[in-house]
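Both of the next two complexes hold chain A, though its partner changes from chain B to chain C.
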Partner chain A sequence: MSNVRGGQALIRHTWLSWMQHRSFFFLLAFGWMIPPLIYLFVWATAAGGGTAGGMTRGEFVTYYLVLIVVNQLTYAQTNWTVGDLIREGSMSRLLLLPLSPLYNTLATEIAGKVVYMSFVLPVTALLALWLRPALALDGWQLLAFLPALLLAWLLRFFWGYWLALLAFWATRADALLALQDSLIFLLAGQVAPVALLPGALQVAAKALPFRYMIAFPVEVLTGALTPAEVGLGFAVQGGWLVVALALYRLLWSRGVQQYTAVGG
Partner chain B sequence: MRDGKIVVRALSKTYRVPERAPGLGASLKSLVRKEYREVPAVRGLTFTIEPGEMVGFIGPNGAGKTTTLKMLAGLLHPGGGTAQVAGFTPWERSPAYLRRIAMVLGNKSQLMWDIPALDTFRVLGEMYGVPPAVQRETVAELTELLDLQGLLQRPVRNLSLGERMKCELVAALLHRPAVLFLDEPTLGLDVSMQRRLRRFIASYNRRSGATVILTSHYMADVAELCERVLLIHQGLLLYDGPLAALKAQLAPFKLIRVTTTGGLNGGQGLPATAHVVARENGKLTVRVPRGETAAVTATLLRTLPVVDLAVEDPPLEAVIDQVYQEGMSQ
Partner chain C sequence: MNLNSPHSFSSALPGRLVRAGRLVRVFMAASAQQALAYRANFALSALHSLLKLGTGVLGLLVVFGQVELVRGWSFAATLAVLGVYLLLGALRDLFISPSLDALAGMDGEVWQGTLDFTLIRPVDVQFLASVRYWRPFALLDLALAGGVLGVALARLEVAWAPGRLLAFAVTLGAGTLTLYAILLAFTGLVFWSPGFLFSWVFDGVFQMARYPVGLYPGGLRLLLTWVVPVGVITTVPAQALAGELAPGMMAAVVAFSLALVLASSWLFRAGLRRYASASS
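Moving on, here comes the complex of A and B:
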C-alpha cells in the first residue's frame, strides 16, 4: 500500500493519544522491567567477585541492562489487541478505511515505543550509574547491533501477529501468545544468557526464532559473539522473519475472507 | 454530481452458525464434532438506486438490513448474486472504492477517544488523501452546519452522545463520499438531536448529490428523510416504493376522531364498513376505508353534536408493526 502520508498521520496522532495516558504506560513499562532486573541481581550475586558461566558481575549487569532496553523496544504489545479487534467486531471499522489495518497496529507499536522509552531509558541510565556495568564497545558491534535490533523487533512483531490472526478462526487464540511469551522467557536470554543454558536447550534456543527476538542483538552489542557467529545469527534471524512475513500474509488474506464470510 | 449508482441483483447471504444443545454433555460432544445450522439472512434482493437518491431500509431486527448494508460497504462477502456500487464490486475492497464510500454505524465509533475530534479528522483527511485546504474548508462547513463550534478541540471522550454522533458524521463526510451508508445514525439520541441530525442529512444529500442509504428503527427518521423505502423482512424484499404508498397499501383505512358535547347516541346510519374503535367520555373513534372517509364524516357531523373532528392516518409505527408481526398480506 502506498498510503504513506495516511500512515504517518496515524502514527503521529496515535502517539498524541497515548501521551494522554503516559503514567499508565510508565507503570506497565516498570512491570516489564522487573523480571530481567531480578535475574540481573541473581546472576550478579552468583558471580560475586569471580565469574559464573564465564561471565563477571559487571558483564551480567551490562547484559541485563541492555536486555531491558531491547526487550522494551521489541515487545509487540499490539499482538494482544489484534485478537480483540477481530473478536469484538471492531475490525469492521478498520476495514472500511482505504488503508491496511496493519498500519493501525504499526502506529500503535511505534507510538508505544516512544512513550515507553521516555521512561525506560532514564531509569536504565540511573541503574547503570548505580550498578556500574562493564562494557567495552567496538564500532562494528554497534553497527551490527542496530540492524539486529530492527530485525528482532520485526520478527517479534510479525511472529506474534500471525499467531494473533488465528483469532479469525479460534476465539481464544491469545493462549498461543501466552505460550510464546513463556518460550521467549526461557529461550530468548531472559532467565539466563543463551550461552549458559544446558546443552539441548541451548541448541533449541539457537535454532528456534525466540532468541533472535531479544538475546541476539544483546549478545551482538555486548561482544559475546564472534563475527562468524554474528553472521550466522543474521542468517537465522532473517530466515525466521521471512517465515513470519509469509505466514502473516497468508493468514491475513485468508482471515479477511473468513471474517467477511461470517460477519463482524 | 457523482456516480453513486447502486445496482443489486439477486443478492443473498447465509450465515453458518455453530449450534449445540445446553448442558455439559452437549458441550463435550461439540468439542469433538461441531454442528452448524444455516441461517439465511438475505434471500435474493434485487433493486437499483439512482445517484443522489436517499433510500430507507426498514424492517424488524434480524430482517437482513445491516447484512445488506455491510455487503454493499464491502465488509461482507455475499453468498450469491451481484452488486455494483459507484461502478465497483464492493467486496473486492479496492482502496479506490473505499475512498468513495462512508459508513456510519450508530453503535461503533470511528473517532479516537483520547484526542480532540479535530485531530482524528486530520488523520482521516490524510488517509483519504484530502488536500489540507479542502480538509479545512470541509470541516469549517460541516462545523457550521452541525453547530459544532468549540467542541472539536475537546477530547472525544468528554463529548455527549449527541455531540459525538455529529463528529462521527463529520468524520464520515470529510472525503465527500459518493455513497453514504447510515446504519441507525440516531440510535440513543434525544428527539431534538434526532431532528437536527435528520435536517443535516437531508441538506447534505441535497447539496452534495451523494447517494444515501439509511436504516433506522425510528420511523420518524425514515418518514422525514426518505421518499423511497425498501421494506425487508426475513431477508426478502417485501416492498420498494414511496413510503406514502406503502402506508396506503398496508393500512387502507383512516381514523376519524370526534369529540361531542355529550351524547353519543347518534352515529346510526354509518356504513357497515365503518368500525367503531373506541367510545368513551363523549369521544368516538371510527375506522373507515379511505374511500368512504368523506361520506362517514358527513354522517357523523349530521347525526352527532360534534365540537371537534379530526381525520388521521393510523400511526406509521402501528402499520409497520403489523407487517413485522404478520408479514404483508398482499
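Moving on, here comes the complex of A and C:
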C-alpha cells in the first residue's frame, strides 16, 4: 500500500505537465491575488499618514503581501482534484491502481504549489518594491512561522478534502463551497486583519478554523501576537486539524464502500 | 412569429431594428425556459447573490467601522460605488457575459472549434454573440443592487434634483456601454490568442472597481481610468449620484464610452476576418 517510488514519479510527472499550461494557472493565481490586493490598497489609504485600527500603512502592506503568499501556499484545490474526480467517475481508475489515491491528490497539490508560486513570488516581490512594506522580524517569529504555515496548509488541505468527499453522496456541493468561500473571505483575514474585525465577527474568527488556515501564520510572522496568543493559536489550530483528519478518514472509508460510478 | 415575412429581407433600418427586437425576445424566452427547467439552480443562484451582497456590504462596514473617511469618501458614497458595481455586474451576468463567454470563454466556440456554426447564421455575428444567451437569475442581483443604491441614496442625504437622477442615468448608460466595449474587446482578442482566457483578466481588474478609484495609488488609478477603464464604469455614476460630477466630465465620459464601443467593435470584426475555419 505504500508505493513511495510510484508516488514520487506521479508527483514529478504532474508538476511537469502543469508547467506546460502555466498561463492558465498564472491567470488563476492572478485572480486569487486580487481581493487581498484590493483590501491592501483600501486599508493603506485608510491609514494614510497615521494609523487605522492601530496599524500603520507600512504594516498593512506587510500584512497583505504576506497574506497573498500564505493564501496561495495553503490554497485548497481539492474540490476540483478530488471532488470532480468522484463526480465524473474518474475515481474508479484511481482506486484500481496500486497506489493510494491520496498520492494523486498530493501530486496535484504539489504541482499547483510549484506553478502558482512561480507566478506569485516574483509578482509579490515586485509589489514589495513598489509599495514599500514595513518589516520588523524577530527571530522567534520566523521560527514559529514555519510550523504555523505547515499546520495551516495541512488544515486547509484536509478540510477541503473532507468537503470534497461529500461528492460521494451529493452530486453538487456548490452551496456549501459558496458559503465556505464567503466565510473564508470574512473570517480568515482577507477583509481585514482579524484584530480589526468588530466584536462578534472577531470571536467567530478566533473560534472557527478559517483564521488558522490563512491569517494565523501571517499574524505570527508580522509580530501581531504575543507568545501566549501564539501558543493558544497553535492549540486551536491543532484541534481543528484533528477534527479535519477524523472527518476525512470517516468520510473516505464510508464513501469508498458505497461508491458506484458511471463514466470515467 | 413569422421571420420569413417580406419585411425580414428589408435592409431599411426600422425593419432591421424590429427584427433584432424580435430575435432578442426569442433568445430571452429560450434562455428563460432552459434556466427554469432546473429549479434547484434557482436556490443556489439566490444563495450566491445574497452571499455576494453580504460579503460586499460587510467588507465596507468593517473598513468604515475603523475610520470615518477614506481619502474623502464616506461610507454612504462608497456604498453608492458598491451599488453601481453590483448593478453593472448584474447587467453583465444577465446577458453580456453568458453570450460572449459562449464564444470566447472556457469550452466556448473558439475553444472547441464550433464557431463556424455561428458564423453561417443569417444574422450579424457581433449582434448574435452579444445577446444570444440570457441568465434570468441575474435579475435578483439587479434587484439587490437597486436596494443597495437606495440605501446609499438615503444615507447620502442630498437635496433632490431631477438633474442629478438624469446625470446618474446617463453615466450609468455610459458605464454599461464601456463595460460591453471592454468585454467585447477581450472577446475579440481571443482570435489572436485562442487559448488565453482574457475575460478572466477582466474579472480580476473589474473587482477593483468595487471601491472608488480615487482610493488606489497614482499609477494604478491611471491604469484603472484610461487603460482598462473600470473607474469610469463605477466611480463616475456614483459621483453623479452624489452631485459631484462636473458637466464637462460627464460629456467626456459619454464620448469616451461611445468611442470605446466603436473601437472594440472594429477590433472584434478584425478578429473575425482573421479567423480561418476550424477543420472538421
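Rule of thumb we're sticking to: the second predicted complex is superposed on the first by the 256 of 264 C-alpha atoms of A that agree within 3 Å, B and C clash if a C-alpha of one lies under 4 Å from a C-alpha of the other, contacts with A are read in each partner's own complex, and residues count from 1 in each chain.
Criterion: a residue touches a chain if its C-beta (ideal position, glycine included) is under 8 Å from a C-beta of that chain, and two chains touch if they have at least 3 such contacts.
All values reported here derive from a predicted model rather than from experimental measurement.
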{"item": "Partner chain in contact with A:Thr171 - chain B first, chain C second, else both or neither", "value": "neither"}
{"item": "Touching partner for A:Leu97 - first (chain B), second (chain C), both, neither", "value": "first"}
{"item": "Chain B versus chain C as contact partner of A:His13, first or second or both or neither", "value": "first"}
{"item": "Which of chain B and chain C A:Ser253 touches, first, second, both or neither", "value": "neither"}
{"item": "First, second, both or neither for A:Val42, with chain B first and chain C second", "value": "second"}
{"item": "Which superposed partner A:Asn3 touches (first chain B, second chain C, both, neither)", "value": "first"}
{"item": "Chain A positions touched by chain B in one structure and by chain C in the second", "value": "none"}
{"item": "Residue ranges of chain C in contact with chain A within the complex", "value": "40, 43-44, 47-48, 51, 54-55, 58-59, 61-63, 65-67, 70-71, 195-197, 200-201, 203-205, 207-208, 210-211, 215-217, 220"}
{"item": "Chain A-touching residues of chain B, taken from the complex the two chains share", "value": "15-16, 67, 70, 73-77, 91, 93, 95-96, 98-99, 101-103, 105, 108-110, 112-115, 119-120, 122-129, 155"}
{"item": "Complex contacts: residues of chain A adjacent to chain B", "value": "1, 3, 5-6, 8-10, 12-14, 16-18, 20-21, 89-90, 92-93, 95-99, 257, 260-264"}
{"item": "Residue numbers on chain A that touch chain C, as the complex places them", "value": "23-24, 27-28, 30-31, 33-35, 38-39, 41-43, 45-46, 48, 52-53, 131, 172, 174-175, 178-179, 181-182, 185-186, 191-192, 196-198, 201"}
